[in-house]
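Two complexes are shown next, each including subunit A; its partner changes from subunit B in the first to subunit C in the second.
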Partner chain A sequence: MKLAIKLAFRNLIGAGLRTWLNVIVLSFSFVIIIWMKGVITGWDHQAKIDMTNWQIGEGQYWHENYDPYDPFTLNDSHAPVPEILREEVRQDSMTPLLISQGTIYPQGRLQSIMIKGLDPHQKIFHLPSHKLDTTISDAIPAIIGSGMAKNLQLGISDRVMIQWRDTEGTFDASEICITDIFSVNVPAVDQGQIYIPLNELRSMLNLEDEATILTYNNVRTDRSDVTGWIHKSKEELTSSVDELIKVKTAGTSVLYAVLILLAMLAIFDTQVLSIFKRQKEIGTYIALGYTRREVVGLFTVEGTMHAVFAALLSAAYGIPFLTWQAKNGWTMPMDTSEFGMAIAQTLYPVYSAGLVAGTVLIIMTVTAIVSYWPSRKIAGMNPTEALRGRIQ
Partner chain B sequence: MENSSIIKIENLVKKFPMGKGEFTALSGIGLTLSQGEFAGLIGPSGSGKTTLLNIIGSLDVPTSGLVKVLGQSISELNAKESARLRKENLGFIFQSYNLLAVHTVYENVEFPLLLLGLSSGERKKMVMDALEWVGLTDKIRSKPPQLSGGECQRVAVARAMVKKPSIVLADEPTANLDAANSHNILKTMEELNRELKTSFLFATHDEKVINYLHRKIFLLDGRIDKDEVVSN
Partner chain C sequence: MKNLITLLPVFFMASVFAQDGNDILKRVEANMSSENRVFESTMIIHGTRSSRTITSVTYSAGEEKSFTEYLSPPREQGTKMLKLENQLWIYSPSTDRTIQISGHMLRQSVMGSDLSYEDMMDDRKLSEMYNAINTGIETVDGRETWILDMTAKADNVAYYKCKMWIDTERYIPLREELFAKSGQMLKQTNLSEVKQIEGRWFPMKVVYKDLLKKGKGTEFIINSIKFNQPIPEYIFTKAALKQ
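Here is the complex of A and B:
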């Protein structure tokens, strides 16, 4: 094996440009696959961090009737904060959110929205809730996301009519004043959402002390359902991201397969050409004391060594490139706010040792198989014909 | 090995399939070669010289008959054993040199020693000795495409001789060389035969080579026509 490696090294170096063309193509596969996988992992990280910071904290209690996909459940999805959780609310490690359906009329147009009552002093979400801690004599202070503001053409200090229905079923209306517009990568926090002070919404709905969702930021393993409230762990709440990442990973795997296929095609071609062109050399190896199986081994090692060289070349230019990307991120050329998923405009790739080792291992294995496949032909060659360079 | 005979052939027959029938390349060959001989298989094209040389070199097997090289029966060797025989005891020189084009002169000559698993120090000494025999110490970094035909064949001789094998099999070694280069090569081989007691067996129809041979075995249509020893 040591000798095969030594000879394969000499042969590849001696082959010059032919070797380097294959190595360059293969090294692109290494770097692009690691980079793309890194982007997806980075996206997964970013999406979960953003969801934690802006939407779900470290976990939530949902009112038992609450179904985020069925707005009709909202009328019955509220109850007083349970006694057992009140201490956490008092200590600011838990914050209540009351949710109701409503309608606003920007520039006379009708727009259905979710009205979310948020404690202006909460410390759990990155939402600028302190901007709700203001008194406006003839309007309700409200904050909205930049995507919503853009869609509705609303700016800070703009006023807009809001209509809602209280628990008795009575429609009521007032005016809100936009006190702040925040930028966020989580669409569920932005699109169609208006945040107003919690107590204001409670009084609008006649639901004193009630909430729809309770979000906490202290990690405890002993949490479970409370009467009337269902506990949702962070893992459950981010499972949609995991599903999305799984789908995206499956989609990009096709691209990886194409990249590897192109590189492998180059290696396969080289191997076939080598065996075709190097008949005399194969005969000489046998005459000098190699068995045919050892020559097959030599050619397989030679093919596989392309992947070793490619890994080294990839390290030479890939490490600086991937490090630069991890630091500066990849800014997507189109606006991501309308993608409908938690995705930042700039994604920061995250590379793990497993990702790099896995990619290298897969490419090495596939290269070894592709190198071995055409080399098996050597095992059936007649050495005397090979010595004369006769095509077999 | 009885009576220092290194090659013993009895009633050798070699047939090749041809179309629906067979072509007999060698028929009833009987031959014994002793240690240190400088002999040649002489005959026109198609007389079976190369086929016989290939069988002696364990690159091919007889259809029937006995071929013993250094006491080992070629027909009974498996792939590993015949590779070991070639690796340890046989040297080959080919008409078209068969050098490894991407390797340097040094690496080409070193190759048989790598197969023997010798240390780097031993290899270096033996390669330099071999290159000195053929007068190519100044070309160690050159690659075959940078050398003349004569130089290439000298590298091939050095490669065949570097491990000091018992037998060197040379198939038309001068066919691609001019008269001056042919004489140089043959002189070198004759000297090595004398100094190292290595046996040489040529396959040739080149007069220049025939003149150097100490034993001439004439082949005709796959049979030994004449076997004569030339007195020095």
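Here is the complex of A and C:
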């Protein structure tokens, strides 16, 4: 085996440009696959971190009627904070959120919105809720996301009229004053949402002490449903991201397959050409006492060594490139704010040892198979004819 | 004698004020309501830049059932709307689909007008929803009117306060202002071109203005109206939307 590796190395170096072209193509596959997989892993990480920080905390309790995809349910999706969870709310490890539908009239236009009552002193979300802890004459303090601000053409200190219906169905209207605009990558927190002080919304709707969602930040394994409230674990709440990543991974796998196919095509051709052109050499090996299997092994090692060289070349330019990407991220050329999913404008790839080792292993294995495939022909060769260099 | 003549207008005014607000409201309802009605109307929506005209034919039975088919412009032609108590469906011929208007969609305006679907949903009688106080007399469009200050007395009333100017002779509203609980005026309605049809006075033109929205309001003109007509029951079914 040692001799086979030595011979394979010498033969490959001797082949010159042909070897290096193969190696370069294969190294592109290595780097691009690792980078793309890293971007998707990074997106997964970033989306879950952003959702945790801005939307779901470490998990939530939903009012039993609450269904974010069914507007019919919203009017009945509120109840007093359950007694069993009140201590957590007092300790600031849980925060209530009350949700109501409403209408906003920016520049005399009409737009449907979700009005969310947020505790100004909450410590779970990264939302600048402290900006709600202020008194403004004739207006309710409100914070909105940058996407919403762009959509409504509103800035800090701007005032705008909102209209809502209380639990009795009676219309009410008031001006809100934008006290802060935050930037967030989670559209569910930004698009169509305005945040006002929780107690203000409770009194607007005549729903004292009530909430729609309770979000906690302390991880406990003993959590379960509470009467009238359904427990949603972080895994459940981020399952949409997992689904999305799964779909994206399947989509990009096609690209990986194409990249590998191109590289393998080059290696296959090289192997076929080698066997065709080096028949005398094959005959000599057999004359010197090599078994046919050993010769097949030699050619297979030679082909597989392309992948080893490619891995080394990839490391040479790939490590600096991938490190630079991990640090500076990849800024998408299009505006991601309207994608409707938790995605940042700049994605920071995350590479794991498993990702790198897995990619190297897959490419090595495929290269070995592709190298072995044409080499099998050697087993059927007549050594005397091969020694004479006759085409078989 | 001189004193009596001086006092006559005072007695007259006193009798006018003596009319109870709730009684006036009941008379208005008696005048305006009918078993059913069929009318053709034109809705002119004055936007910030341009105006649109939409014509339709409406069949309504009481306040709870109504069926509207849009006749023009071509873009809206064939669109149908069915309201049965607190449910509303719209059929769009371009997609050949019927959708139920619900939740936040009810807050959207009808065809871009100053009326929301929600406004169309409230079908209770005014006298059941409001307690009315007659607060005085004012002239509107040359007609003497009572001013009724109305405050909600029932649950689930969309507008907590309402102010209405009622023609003292014909018992029809000539102006209406709708207020939010906070006192913010939300909508204003002006009714005019009052005609006597089949023995009752009826305003043939209504101008709605959503005061929170930009624009010059929406004119709703009734071109023709017939009361208590035989309307087949199938008209008020979802199946009629696709016909």
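The working rule: the second predicted complex is superposed on the first by the 392 of 392 C-alpha atoms of A that agree within 3 Å, B and C clash if a C-alpha of one lies under 4 Å from a C-alpha of the other, contacts with A are read in each partner's own complex, and residues count from 1 in each chain.
One rule holds for everything that comes next: a residue touches a chain if its C-beta (ideal position, glycine included) is under 8 Å from a C-beta of that chain, and two chains touch if they have at least 3 such contacts.
Here the structure is a predicted model, which means the values were calculated and not measured.
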Mind checking the superposed model to see whether subunit B and subunit C fit together on subunit A or clash?
fit
In the superposed arrangement the C-alpha centres of subunit B and subunit C open, at the centre of subunit A, an angle in degrees to the nearest 10 of 150
Partner chain in contact with A:11 - subunit B first, subunit C second, else both or neither
first
By the touch definition at the top of the document, which applies to A:387: first (subunit B), second (subunit C), both, or neither?
first
State whether A:246 touches subunit B only (first), subunit C only (second), both chains, or neither.
neither
Which holds for A:292: it touches subunit B only (first), subunit C only (second), both, or neither?
first
Between subunit B (first) and subunit C (second), which, if any, makes contact with A:103: first, second, both or neither?
second
Rounded to the nearest Å, state the minimum C-alpha distance from subunit B to subunit C in the superposed three-chain model.
72
Residues of subunit A that sit at the subunit B interface in one complex and at the subunit C interface in the other, please.
none
Listed in rising order, the residues of subunit C that touch subunit A in the complex are 48, 102-105, 107-109, 152, 155-160, 178, 180-182, 184, 186, 210, 212-215
Taking the touch rule as given, give the residues of subunit A at its contact with subunit B in the complex, in rising order.
3, 6-7, 10-11, 13-15, 280-281, 283-284, 286-294, 383-384, 387, 389
Residue numbers on subunit B that touch subunit A, as the complex places them
50, 54, 57, 59-60, 79-80, 83-84, 86-88, 92, 94, 96, 98-103, 107, 111-112, 114-115, 117, 143, 159
In their shared complex, at which residues does subunit A touch subunit C?
70-72, 74, 101, 103, 105, 107-110, 112, 161, 163, 165-166, 168-174
